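Sharing a structure, written as structure tokens. Questions coming.
The first chain written gets the first letter, and so on, giving A, B, C, D and E; residue counts start at 1 in each chain.
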Amino acid sequence: MNDMSRLEKAVDTRQTKIAAKNVQVYYGDAHAIKDVSVEIEDNTVTAFIGPSGCGKSTFLRCLNRMNDTIDICRVEGDILLDGEDIYDKRVDPVQLRAKVGMVFQKPNPFPKSIYDNVAYGPRIHGLARNKAELDEIVENSLRRGAIWDEVKDRLDAPGTSLSGGQQQRLCIARAVATEPEVLLMDEPCSALDPIATAQVEELIDDLRKRYSVVIVTHSMQQAARVSQKTAFFHLGNLVEFGETGQIFTNPKDPRTESYITGRIG
Amino acid sequence: MNDMSRLEKAVDTRQTKIAAKNVQVYYGDAHAIKDVSVEIEDNTVTAFIGPSGCGKSTFLRCLNRMNDTIDICRVEGDILLDGEDIYDKRVDPVQLRAKVGMVFQKPNPFPKSIYDNVAYGPRIHGLARNKAELDEIVENSLRRGAIWDEVKDRLDAPGTSLSGGQQQRLCIARAVATEPEVLLMDEPCSALDPIATAQVEELIDDLRKRYSVVIVTHSMQQAARVSQKTAFFHLGNLVEFGETGQIFTNPKDPRTESYITGRIG
Amino acid sequence: MPTYWLVLSLLVLAAVGYVLGRNRALQTAGGDTRALHSLPNYYGLNVALTSLVPALGVLIVWMLVQPVFVDSRVSTLIPDSAVPEDATLDLVMSDVRRVADGLDEAVEQGALTPSEARQLDAEATDIRARLGEVGVALGSDVRPEVLRAAQRYRQLTSVGKTAMSIVVAVLALGGLAWSYSQTHKDFRARNVVEKGVLALLVVAASLAILTTIGIVFSMFFETINFFGLHSWKDFFFGSTWAPNFRGDSELSILPLLWGTLYISFVALLVSVPIGLFAAIYLSEYANGATRSFAKPLLEILAGIPTIVYGLFALLTVGPMLADVFAKGGLLGVEWMTGATSVVTAGVVMGIMLIPFVSSLSDDIINAVPQSMRDGSLGLGATQSETVRQVVLPAALPGIVGAILLAASRAIGETMIVVMGAGAIAKFSLNPLESMTTITTRIVSQLTGDTDFASPETLVAFALGLTLFVLTLGLNVLALYIVRKYREQYE
Amino acid sequence: MTDISHQSAPQSRHAGSLLQKDSRTVRRNRAEARFKIYGIFAIAVGMLMLAVLVYNIVTRGVGAYSQTFITLDVELLESKLDKNGNRNLEEIKKVTTFGYAPLIKNAFEKKVEELGIKTPLKPKDQAAILSKSAEAQLRDFVIANPDKIGETIEFRFLANSRVDGYMKGRVTRESIANDKSISVEQLDLVDQLHKAGVLNKTFNIDFITGADASDQRPEAAGMGVSMIGSLFMMLVVLALALPIGVAASIYLEEFAPRNWLTDIIEVNISNLAAVPSIVFGILGLAVFINYMHLPMSAPLVGGLVLTLMTLPTIIISTRASLKSVPPSIRDAALGVGASKMQAVFHHVLPLAAPGILTGTIIGLAQALGETAPLLLIGMVGFIASNAPDSIASGLLSPNSAMPAQIYEWAKRADPAFYERAWGGIIILLVFLVTMNTVAVILRRRFERRW
Amino acid sequence: AAARDNVQVAGSSTVLPYASIVAEAFGENFDFPTPVVESGGSSAGLKRFCEGVGENTIDIANSSRQIKDSEIEACAENGVTDIIEVRVGYDGIVFASDINGNAYEFTPSDWFLALSDKVLVDGQLVDNPNNTWADVNPDFPAIDIQAFVPGTKHGTREVFEDKVILAGCEETGAFEAFKAVNGDDKKAAEKACISLRTDGKSVDIDGDYTETLARIESNKDGIGVFGLAFYENNTDKLQVATMSGVVPSTETIASGEYPVSRPLFFYVKKAHIGVIPGLKEYAEFFVADEVAGPDGPLAEYGLVADPELSETQQVVADEATMDSNS
């Protein structure tokens, strides 16, 4: 696995980007995340794996405070971004989310044109000085989202009229367009064919050069391919967190081992 | 691959369940499905594969006339179910859809309790004579959807409060509960972890004994594992259709070959 | 109109501020929007709002306070002796204002020079005639002290206006300068602007509370008076509503309440099914063309003046019902004695309320995501099953809102009830008898010829307040129901 | 077929030909068809009622748009109008309308003679077929053109309401048997004048542009000024109720914390919708007139009162449609770093726009047709002011409103007012439809499914 | 705030037509703007009249009844002390049925017997047994009783009760019987007299005369109570009944022969005279002979001119307030 060797070299120089300490999440009375501490490093792809319903999405949404929008959701513990507590009163969640972008598990394009879907982020963050620049950003993002060829002739069509996989890539493009420092991707390739998946993985690898990426995936292969660190969740607990190579080849926890060896896909 | 050998035996005895002839689908002016003819056999799992946006979902939705709900969508050609044209004027799409069930690409649980989500189909079709029977159907279906253990204590919780993968399995359970003759599944395992995937695949194999199953998937492995026939779509065309073993080992069309060999996942 | 000009220049200033703020923000960021904390527009808006809002606020307050202040200053000029015994100072002051206005008008029209206006002498000139020439009518001749006061009034007012202009201008410019100096690429302009907008939103929401307080207060004291004159026992627990002109009337709310509930119930019985089915048909079955003309047409029903419905009830629906149910009617029964009845009014009111239910529900139903429908149809449900079991529950809060709105309207309606249901308060289960409602009694008693200080009139306030409390209860119930059954999609 | 017992075994319960509907499907389809028919029926009922009402309104109201006029040449006698002959306006003004009656009488007599009409009527009774507004019309003319005194000028006078009714067929020779105001001889005269072309029925623009007239002159009454009153009130309502209502809804639905306080506000607002409209009049009188000293009978006050009355309708509908926007849209916006405010204004609000517009349509329709609250702030009654000359005077000078005008007319004794009331309703509806059209077009632009 | 320059009037809708005729003519003949005359009922008018003194209160209240002592007190509390009472004439109240229906010649007893809740039968007070007019009076046709009487909010109702029902009550002797039952309490007996039956034979009309007319049009057997002016404008649809043998008309009412009528008033706030332009002129114009006299437009419209108009003119000219009157 040549990927593995490549990362190991870089490991030491990396800095902690997000540090989560003793995070607990409750949905009403249900304890969805149990005392999770994890450090997400800069210039790294971190993969969250674990059985369905174990709390991956929930934890991911904590990292940019998207859980704020769920009334019954309560978050405890500290999450630090660049050493600053993101749940601090003084923190503007908006600024936080501009820094920590997100691709949701269910593709959710705006009921607007494809162009506007992608242009929305750059517009509100003032990333383009003029129309030409914006066009460029949109095109670039769509290209990085591996969807440009499919939609370049129909940028005015509504984003909701795309196929499932296209919507997913549109959402990736939308998230990339705002140039976040950290990108949280919840199963970004679930509806994608192998080629598109490869392109998105390339994108992820590319993003890693400048940013930090967290990706939730059910595909062990994908985790092994793109990530340098892997966290394994089980029933709301973070069972194991470490270098991807180590997790996949030499898991410490029996639960991790059984999950990984029970692999099929 | 022991799967393969098992099927080959059964092949001859199978009957055509659905026969599509020269099907064309247009979204407004866009030609999404171009002259596709395919025969789906009884007691068979047919896999549709192909790059994202090639028309798999569109074609799948033709098979139980779900495309009727999209205003701008126009279907031409013949689709016969048990020799009867499903686009015939006399055919009641409701009865058709009861026979040809569907699991959608984006999980769409009703904003009702988990129980009601599953009980909905049996109720409208009058499959249960009393509460106890209904309870049994619900439990059975949830078990077959591999989600019973996770939700058995919270059957009253809204289906929308589940995690992405749980929602997907709930939708599978919901579709199974109505006992259709043909089950169309649009990427049923996209949000599932390997273990859940295995359970769903087991379900599919089980269903095949009595019914016919069509499954859209991006995972070649999955297609190879569960299906007996595979159809490869590309840019709205049905490029190749045949025995799964043959498609994966000895594709006739160069496009098929390049798609399959370009495989990564 | 100098105030117009002032407001106009404030707006211009705000516009300038917008441009300045925007440019400065861009400048500090070296022309690169990416270096800014917020979008350039927000910096512009921040400057514009900071210069506009306080200045405008002060302007409004000043304009409210200045007349009071000037009045109090000027009124000291009027000796008690100058106030005619049967008048109050207030009235003299309105005379003063009128003369002052007249002088202004005269100066404006060129009939007087400003200095003439200042030096006019009541003894020497017939001011009434002079002002009459420029079209200002005065009630009587102008007395010298009134003229003096008027001149002082003009002087103070003009001084006040100048001062106001200066203060407002200073504030506006100051706000502009301050916010301009604040403008910097790291300044959190968006947060500031959004806080301002949020404050405006809160103000808007609290207006509803203010209205409620206003309503309660405007009825409270008269209600107290009523209960001072009339026994509360009779009001709440009596069984008869029979006001008369001799006093000692029986004024019980119960028969009215019964009528209100009965008539509203019938109205809802008509409007809810029709409205809901219409909404369902429009949003689920009808094609775009049908929908785009049927919906606005139905909405016209809500805009036809209620007097038309009243006449419709009286002249068409009532006699039609009577032809069937009255003596000698088709059925040969004698259930109805006149054209007016609960059903007459209820049915006609129901027709009026159709669009309240249909249009709002239609919008809400339309907003239920298509994937919900697909999910249900995919299971082999018919469209009607889908609507009943999936779409409607998901749209429930909105539909309940629409029905509540219709019910509210039914409770508040007068003209249709007066003409369609009659004016007799009684308890009866027969829907073909005349009854009346609380609201119509409120209107009747308020607009009648009875002594306004008598319980017969004051009862209107007690009725109003009681109705207010009752509907409050109903609304709490509705809220509870919606909370309980709400289904949130996604 | 469908009800066979639950077997763990094989066949689907939906087996059988698609072309033959099984009994359950047939049953369900019947239910479906019934359901659909209910919908069609509901719409048909609504449409039918609308048609009946509109038909009623139009047939009863069209009469108001034509009016009978009589053309006369009036000699403006100097001896009557300006005894001193110095054209002093003050002195000319001293001649009241009563003083103009003889001029008209003379003119009429002359006309009748000229045409060779024989009538047993005295000149005074002949002239009585003219509207009482004739004198005022003449006086206004003379005051506006004092230099014309002494000349003979042609005037077009209104005929009185009975004559007008006769021309329209409402009044017949039989029906006036007991009528003191008109006699058979006068009707004979009318017939002859009509034949001579002096008396004609023509389109009556004054009905659309004019002001109210007193009970004695139904023929002179018009909707114009009250239309302006309504227009100004609607402007006030639109300018205040829509933004305030939407702002309040946004706050309550999107920003307010969920606690007892917001619950109270929520219940309160729905409750305000149930407050009888006249109570808003009480409130308006107390707050705007008695406390804030705004002028009585002013459209500004009327607009404010109607704003308060309309707010709950707009808030309730806006909240309902905000609620119905799926949360995933908000999530998507927040996820790319939009602030909550931006998410709401950029995404949620446009999607909720149809419902907001519906609320506005219904709220404005209600406000446009409301009389009860206007009763207490002095906008109902006889308010025959002139058309305002500026926006400020439009808002502040006394005026009525269309529904109030209609309501007043409907109460008046002379049946000619009844016709005008319905005519007024036509104008009101045209006004309403115009207002709605804008909103409906906007609404169609915003409608979409997702 | 700019000063108000128009006279502001509010009150009784019975007086409104007359006031509007006057206001219109006033506007035409004077330089003052046309006064604003609001409707809303005597009660609401007087209430606003008594709200205080000042520009934001009305100058004149129209009333179809005399102001009550309690109202004068309430006025005084708000500083409205000097009130000029002006009686403008009388409003005749007539009974009329459909033009094609039966003609009636009523007496108060007929009405009492037709509408009262309880009547005297063979010396016993019983629930009103009369179903048809023939039951009431053999001279009448045997058609169902259906009377449209003003609702309890209307001043007309008071007159109807006092001058017709109560009179009938006394004529038929029921009054004495009620008095006996109520232990000689005259007030209670009066109250019993005027309580009307509630079985649908007597219908309260809360709207105005147009509504009563519409009711008669949809029920040809009905008999309604109208104002004289209203009847005179609708002689093509209505025929009037005599009362005690007298045909109602302005003459018979002015002479007092026809019993059912009531005086109409307006009240002027003296404090506003000289402040509100045109106020006094309007009041004077209203009661001028050429306006309110027997040949004036008001009489033509149906107002029964006040035989003592000249005294009223004097009151206005002198600005004599109510206290100085009494």
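Criterion: a contact is a pair of C-beta atoms (placed from the backbone, for glycine too) under 8 Å apart; a residue touches a chain by one contact, two chains touch by 3 or more.
For each chain, UniProt lists the protein as follows: A, B = Phosphate ABC transporter ATP-binding protein; C = Phosphate transport system permease protein; D = Phosphate transport system permease protein PstA.
Predicted, not measured: the structure shown is a model, and the values here were computed from it.
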Intersection of contact partners for chain B and chain C: A, D
Partner chains that chain D and chain E have in common: C
Chain with minimal offset from the mean of all protein Cα atoms: C
Chain pair, C-E or A-D, that carries the greater number of C-beta contacts: C-E
Length of the line joining the C-alpha centres of chain A and chain C, rounded to whole Å: 50
Approximate Å spacing (C-alpha centroids) for the pair chain C, chain D: 18
Distance between chain centroids, defined by C-alpha means - chain B, chain D (Å): 59
Euclidean distance of C-alpha centroids - chain B vs chain E, Å: 82
Where chain D touches two or more other chains, by residue: 14, 28-29, 32, 285, 327-328, 339, 351, 375-376, 410, 450
Shared-contact residues (touching 2 or more other chains) in chain A: 94-95, 106, 124-125
Numbers and ranges of chain E residues touching at least 2 other chains: 1-2, 4, 31, 33, 40, 44, 55, 207
Pairs of chains satisfying the touch condition: A-B, A-C, A-D, B-C, B-D, C-D, C-E, D-E
List of chain C residues in touch with chain D within their complex: 190, 194, 197-198, 200-209, 211-212, 214-215, 217-219, 273-278, 280-282, 284-286, 292, 294-309, 311-312, 316, 351, 354-356, 358-360, 362-364, 366-370, 380, 382-385, 387-388, 395, 397-398, 401-402, 404-405, 407-409, 411-412, 414, 438-439, 442-443, 446-447, 461, 464, 467-468, 471-472, 474-476, 478-479, 488-490
Chain B residues touching chain A - in the complex, by the definition given at the top: 27, 49-53, 55, 57-58, 105-107, 150, 161-166, 168-169, 186-187, 189-198, 218-222, 259, 262-265
Residues of chain C that touch chain A when the two form their complex: 31-34, 36-40, 188, 190-191
Touch list for chain B against partner chain C, complex: 64, 66, 69, 93-99, 101-102, 104, 106, 108-112, 120-121, 124-125, 158, 160, 171, 174-175, 178, 180
Residues on chain D engaged by chain E in the complex (per definition of touch): 93, 96-98, 132, 135-136, 139-140, 171, 175-181, 213-217, 285, 289-290, 293-297, 375-376, 378-385, 396, 398, 408, 410-415, 418
